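There's a structure below that I have some questions on.
Each chain carries a letter (A, B, C and D) given by its place in the written order, and its residues are counted from 1.
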Amino acid sequence: MLKVEGLTVRADGVELVHDVSFSLAPGERVGLIGESGSGKSLTALSLMGLLPEGVTATGRARLGGDDLLGVPESRLKGLRGSRMSMVFQEPMTALNPLMRVGAQVAEVMTLHGRPRGEARERAVELLDRVRLPEPARLARAYPHQLSGGQRQRVMLAIALANGPGLLICDEPTTALDVTVQKQMLDLISEVAPALLFITHDLAVVASMCERVLVMYGGRVVESGPLREVFTRPRHRYTQGLLAASRLTPRGTRLPVIEGSVPAAGHFPGGCVFRNRCPHATPTCETEPQLTEPQLTDPAPGDPAPGDPAPGDPAPGEPTPGEPTPTGDRHAFACWHPAE
Amino acid sequence: MRRIGIWIAAGGLLLATACGGDGGGTGGGAGDAARASSLSVGFVAEPANLDFTSTEGAAIPQALLVNVYEGLVKLDQAGRIVPLLAEKWDVSGDRRTYTFTLRPNVRFTNGAPFTADDVVFSLDRVRTDWKLKIKSQLDVIDEVEKKDDTTVVVTLKRPSNGFLYSMATRLGAMFSRTGVADLANKPVGTGPYVLGSWRRGDSIRLAVNPSYWGAKPPLSAITLKYFKDATAMNNALLTGGIDVISSVQAPESLQQFADPGRFVTVEGTTNGEVVLSMNNGRPPFDDKKVRQAVRHAIDHKALLDTAWAGRGQLIGSMVPPTDPWYEDRTGDYPYDPARAKELLGGRTFTVKMRIPNLPYAVNSAQVVKSQLAQVGITADIEPLEFPARWLDQVFTKGDYDLSIINHVEPRDMGIFADKSYYFRYDNPEFGKLLASADEGTEQQQADDLKQAAKLLSEDAAADWLFLFPNLIVAKKGVTGLPKNAIAESFDFTALARQP
Amino acid sequence: MTPPNPGPAGAAAPYLVKRVAVLLASTAVAAVAVFAFMALLPGDPAEIALGVNATPEAVAELRRQFGTDRPPAVRFLDWFGGLLQGDFGTSYVTSAPIGPQIADRLGVTVVLVAGGMAVALALAVPLGTFAAVHHRNPLGAAISAVSQIGIAVPAFLAGILLVFVFAVRAQALPSGGYVPLADGPGEWLRHLLMPWLSLGLVQGAVLTRYVRSAVLDVMREDYLRTARAKGRGSTGALWRHGLRNASIPVVTVLGLQLATLLIGAVVVERVFVLPGLGDLLLSGVAGRDLLLVQGVVMVLVAAVLLINFVVDVAYHLLDPRLR
Amino acid sequence: MTGRKARWMTRWTTGGRPGDRPGEQPGEGRGDLPDDRPGRRPGRPGGRLNAGLLAGGALVGLVALAAVASFFWTPHDPTLVDAAQRLREPGGGYLLGADKFGRDTFSQLMVGARTTLYVGVVAVGIAAVLGAPLGVIAGMTPRGWLSELIMRVNDLVFAFPALLLAVMLGAVYGPGTLTAMIAIGVATVPAFARVARAATLQVMVTDYILAARAAGRRRPAIAVRHVLPNIASVLIVQASVSFAIAILAEAALSFLGFGTRPPIPSWGRMLQESQELLFSTPRLALWPGLAIALAVLGFNLLGDGLRDFLDPRLRRIRAEG
């Protein structure tokens, strides 16, 4: 249903997201994980066509039969809010402070052609559906009168209003109290159609998704079914990430990834992780490709895959019709994968 | 022991700034016909109210005298006294009894007929109700008597050359016995115009008096439009907002009106002596040598050229050339900085030059300051708001060393005879000359006044910077403009517009 | 989860009461300040009215008539009591009641300021919004630069230049003066056009910067992104969700600008010979018309306080977070 | 006054440059990933000189240079009336020509710069010396009666704009540079007080102040040692912008005749005097007009630039400014 190929995002000549490809089947739930600065939010925003000014995306992305990249805003806005929706990280600021909540929910429906009165009624239903108490009364409230969790539910109601095929959630629970997070996640998994779930919280992904994409430095470094990736991470970054998040017995040292995420544009060439990777070798100065493990690990010195041209829809050279390395299978981009 | 012939100038000080206003309202909506028979004239000083019996200032008589109020006599353009509401008058042999024969069939604008009773009423009222100190000019009147409805006899305490002249000023204005209830807002006179409307802060409109006794004026209405800013008034004439600038306040700007196809410029004279007053009552100007040094230090020609664009006349004493006893005294103190320094004998002074904030004064002061600096006198200029603050500080309290003011009152040399006057000039001989002039024959009067003017100049009681010019600019086709501004009023009666 | 209490506007009343109380108190204190200040003015009104040649008896008589022989506290209470009934007293100089004069002049000034503000808004809202939306391209930057320069030009200079160009050179508009609306709307308009422009151009430049900044701020807001995620175009989102939000800070500035304009009008009135409050103030000062000046200053100060009040209330109405 | 409004008022009174937000709302901070919102990327090193700062500094420097130089040298005596040089065209020792009094325009501009700076420095000095401490006091005791009183009085003074004060003061004490400066200064006090209060409120919740208070330091000591140094940058910016406003106010006052006394050269009065010659000799209006505009522009740019330069929290937004 959603198919992304070679998505690259640039700002001021700096590549922030590099050559990201993946796909999403109807009803599928995919997690996009990575630390702050990995480019996961930009990936989501570029699909919605909501990139900030001065930031541009190239590559190919299709939702059903519709192109999402390189098409005019006027075509894109018909899709947004009706066939795909997004819930943002920060519920406190995502709602218009001057507009009643119900009107903000109804707006997304009137925008896509529903009559005003009907939209209003349905807005209350939606608020009820996202389990907000006294929905009729709450619809007349202003955002500042709601708690963060309530606001995020309103955002979810807005996102679901037109029954979209795809829901993108960008860290929807990060800003919420821990007690509220769970309820919110349950609600999302209950109501979501196909879901692209962005988070840095591996536990959350584990509970929500069937498949994950691990991003670092603007690239997908590992992808595959959740169970496989989480139990047998191959990329050293994924490995570190998982190790860091695992609860450790008292007294043992918490494994951490050394160093911190560099600023955009300051990632090293070759493998973007090599400056923090304990296993890095000179080989890593060459860029590794995202490959599926059954293609045996490339030996050092193999024909160095060049930097794919930006916008080149299919890096690597998967022949059309064949499953691409961005399929459902476990894949990673590392010269020295963990076993 | 009245000092006679003291022509108090305070009221007239204002004139210096008059200008022309917009034919105003007509600028816009009025039809062509109305426009053809009305004019708007720009002035600078707007009256605070319309009662010149209790309020000083030149603005009120300028607008109302001769136009709305009439006296028994008036001044013509040559400065002669001519009949107005009196058809004629006879003077007795001892020059103490004046018999006025009144014009019959004259009515006030409130409908009341004008009779000898009104003359008696008006002249008595000066003594009883007027609040201005200039009313003392008529103290010389002993008695006013009605002989019959059209004959009035005025008896003086002693002969006075000044009496009839005073009767041509606002003091001689005739009021209706039933028309003085609200002088500040509702003037009632016998003149060719009546007050039409007054938009405070903007304009006064005078309409023709339909029941006027004399020849109707050519125009059906006059709008006096008031400007506080000379440039704004110039612009108004340039853009057709007004038809006449009654007194140009920025002579440099005259070249804008040089196109004879569009504008006419009238340059005449006034009674306004622009005086550099020196405080004779305190150091350093209590020293005649210092005053004389000042007179020598000032290059009057250069001053006139820079401060007032060379418009106006140089004078050397307190008499304008239009007065019969005028003598050229400009040679008394030629420009001679070396001589000035000699008179100062190496002394230097720092003095306060407190001037009214009027264009001519501010301009002149900067030149005077610069020129005095050359001989060692430092003058600190302090412009004071005119009239209130200047009158208070300089005129009343005499707290100044130097000042510059245009003394616009006619025949006002007498102010120097009052030693309490802000000049603080005190020379008994001067007073004697004036007294004898007022009581004597015409010839004697002229001789005495010439002598007095000479004395003033030699004493360097003040310095006379220049005679303020009467500069009027009007649209081409406007006629009947008074060339000389030597009376208190701006006479609209002859004003006309050629089609 | 606490149920929210979306009581609509119900909480506005106590605020309004408090704000009105503050307004009245400030006005009263301002009245004391104005009166005390005026009492410092040198020159006795009676002496000034009568001129330098008045007799002492006449002065004393007039002082009694004016009531200026009474102690200041009594005079203040008398004056302030009058104010409350709309009576500003009678001028010492013109013998005319002051209230109607101020009312007359206030009309001109209000028309002038309102028109100037309208011009400023008409310029600033589109230009500021445009400059914000296009803040990355040269045209947007050019608008910013021009507005920066516009701020640096004194209003009277703008007025003089306008007169020079449109009245004197082009002879297209009258150089000054005022024609009441009743005398013909066309002429009224022609006489006010340039004063409006000279006030409005300069204030518009200032306002443009605030509008631009407010819109820029709003454009960075998440709810605008939300609106676009709902399917609005960026223009539509800005229009529907941005402008009202951006208007909140602009309203504050607008109120402050109105106050500035009210006083700035003094200079423009001088340039264009408009019989407004500023002109009345200046001639009052020049003529030592104490009571008149006192009245005009009071009206101006009260107007500023009132504008502040209206802005605060508008602010409360616009922003539900404050209710 | 509400927090948001106060912030905007502050911005306004700062004259400002609204392109920036003085202080984020607490609790509304965005937890965004820096690289996800490129407008806010870090990576602009702090304290870098910017174009506005340089241009503003250059213009202000030029004014200051002219003013200082005028003490030692001017081509001609700026107040010397010389009938022979009336309305002299530019050239031959008279770089910009002479006015109707034959005074050298260039010399007058130089000394006029002195007047301008003099007025600005004294007016802004009065405003800063009165306003800043009041604002700090109000900011340090936000709930006290003193704070309330200060802010109320502040609002009241705010109702008396500079022009009105100057006309009133001029009426009492006579017009002149001093009365103009005092009027402008007093009228600017509320702006300083507001800005100082807002900045103090922000500083008061920082850790080092809390620590100092916990350590039992007394308020005056905290104010002097910790608060003032930390709000200095805000005050400097305010001073720069107020300076620009003071220049405009002085020009308007001189135009109305309530400003600098003749013959002391002042740009505002030069402009006023040149009016009647606008048609024949427009250059007499051009130069002082330009001088005023450039000086105001300079101080505004300097204020904006300083703001960006001195306050790291605001800098990131400069990209869009």
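FYI, contacts are C-beta pairs under 8 Å (C-beta built on N, C-alpha and C of every residue); 3 or more make two chains touch, one makes a residue touch a chain.
Just so it is clear, the model here is predicted, and its values are computed rather than measured.
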Checklist outcome for this item: Counting C-beta pairs in contact for C-D and for A-C, the higher total belongs to C-D
Checklist entry - Which chain maximises the distance between its CA centroid and that of chain A? => result B
Item to check | Averaged-CA centre spacing for the pair chain D and chain C, given as whole angstrom | outcome: 22
Checklist entry - Which whole number of Å gives the spacing of the CA centres of chain A and chain B? => result 91
Checklist entry - Taking each chain's centre as the mean position of its Cα atoms, how many Å separate chain A from chain C? => result 53
Next on the checklist: Based only on mean CA positions, could you tell me how far chain A sits from chain D in angstrom?
Outcome noted: 49
Checklist entry - Residue numbers in chain C touching 2 or more other chains? => result 42, 136, 160, 168, 222, 248, 270, 282, 285, 319
Item to check | Touching two or more other chains - residue numbers and ranges from chain D | outcome: 30, 39, 170-171, 275, 278-279
Item to check | Residues of chain A whose C-beta touches two or more other chains | outcome: 53-54, 90, 93
Item to check | Partner chain A, residues of chain C touching it in the complex | outcome: 1-6, 8, 136, 221-223, 225-234, 240-241, 244-245, 248, 318-321
Checklist outcome for this item: In the complex, chain D touches chain B at residues 79-81, 83, 86, 100-102, 170-171, 174-176, 257, 261-263, 275-280
Checklist entry - Where on chain C is chain D touching in the complex? => result 22, 26, 29-30, 33, 37, 40-42, 135-136, 148-149, 151-157, 160, 164, 168, 209-210, 212-214, 216-217, 220, 222, 248-249, 252-253, 256, 259-260, 263-264, 266-267, 270, 281-282, 285, 293, 297, 300-301, 304-305, 308, 311-312, 315, 319, 322
Next on the checklist: Can you tell me which positions in chain C touch chain B when the two form their complex?
Outcome noted: 42-43, 47-55, 58, 91, 93-96, 101, 104-105, 160, 163, 167-168, 171, 173-179, 183-184, 186-188, 190-191, 270-273, 275-276, 279-280, 282-283, 285-289
Next on the checklist: If we count contacts the way the header does, which residues on chain D are in touch with chain C in the complex?
Outcome noted: 1-2, 4-5, 8-9, 11-13, 16-21, 30, 39, 152, 155-156, 158-164, 167-168, 170-172, 244, 248, 251-252, 255-256, 268, 271, 275, 278-279, 285, 289, 292-294, 296-297, 300-301, 320
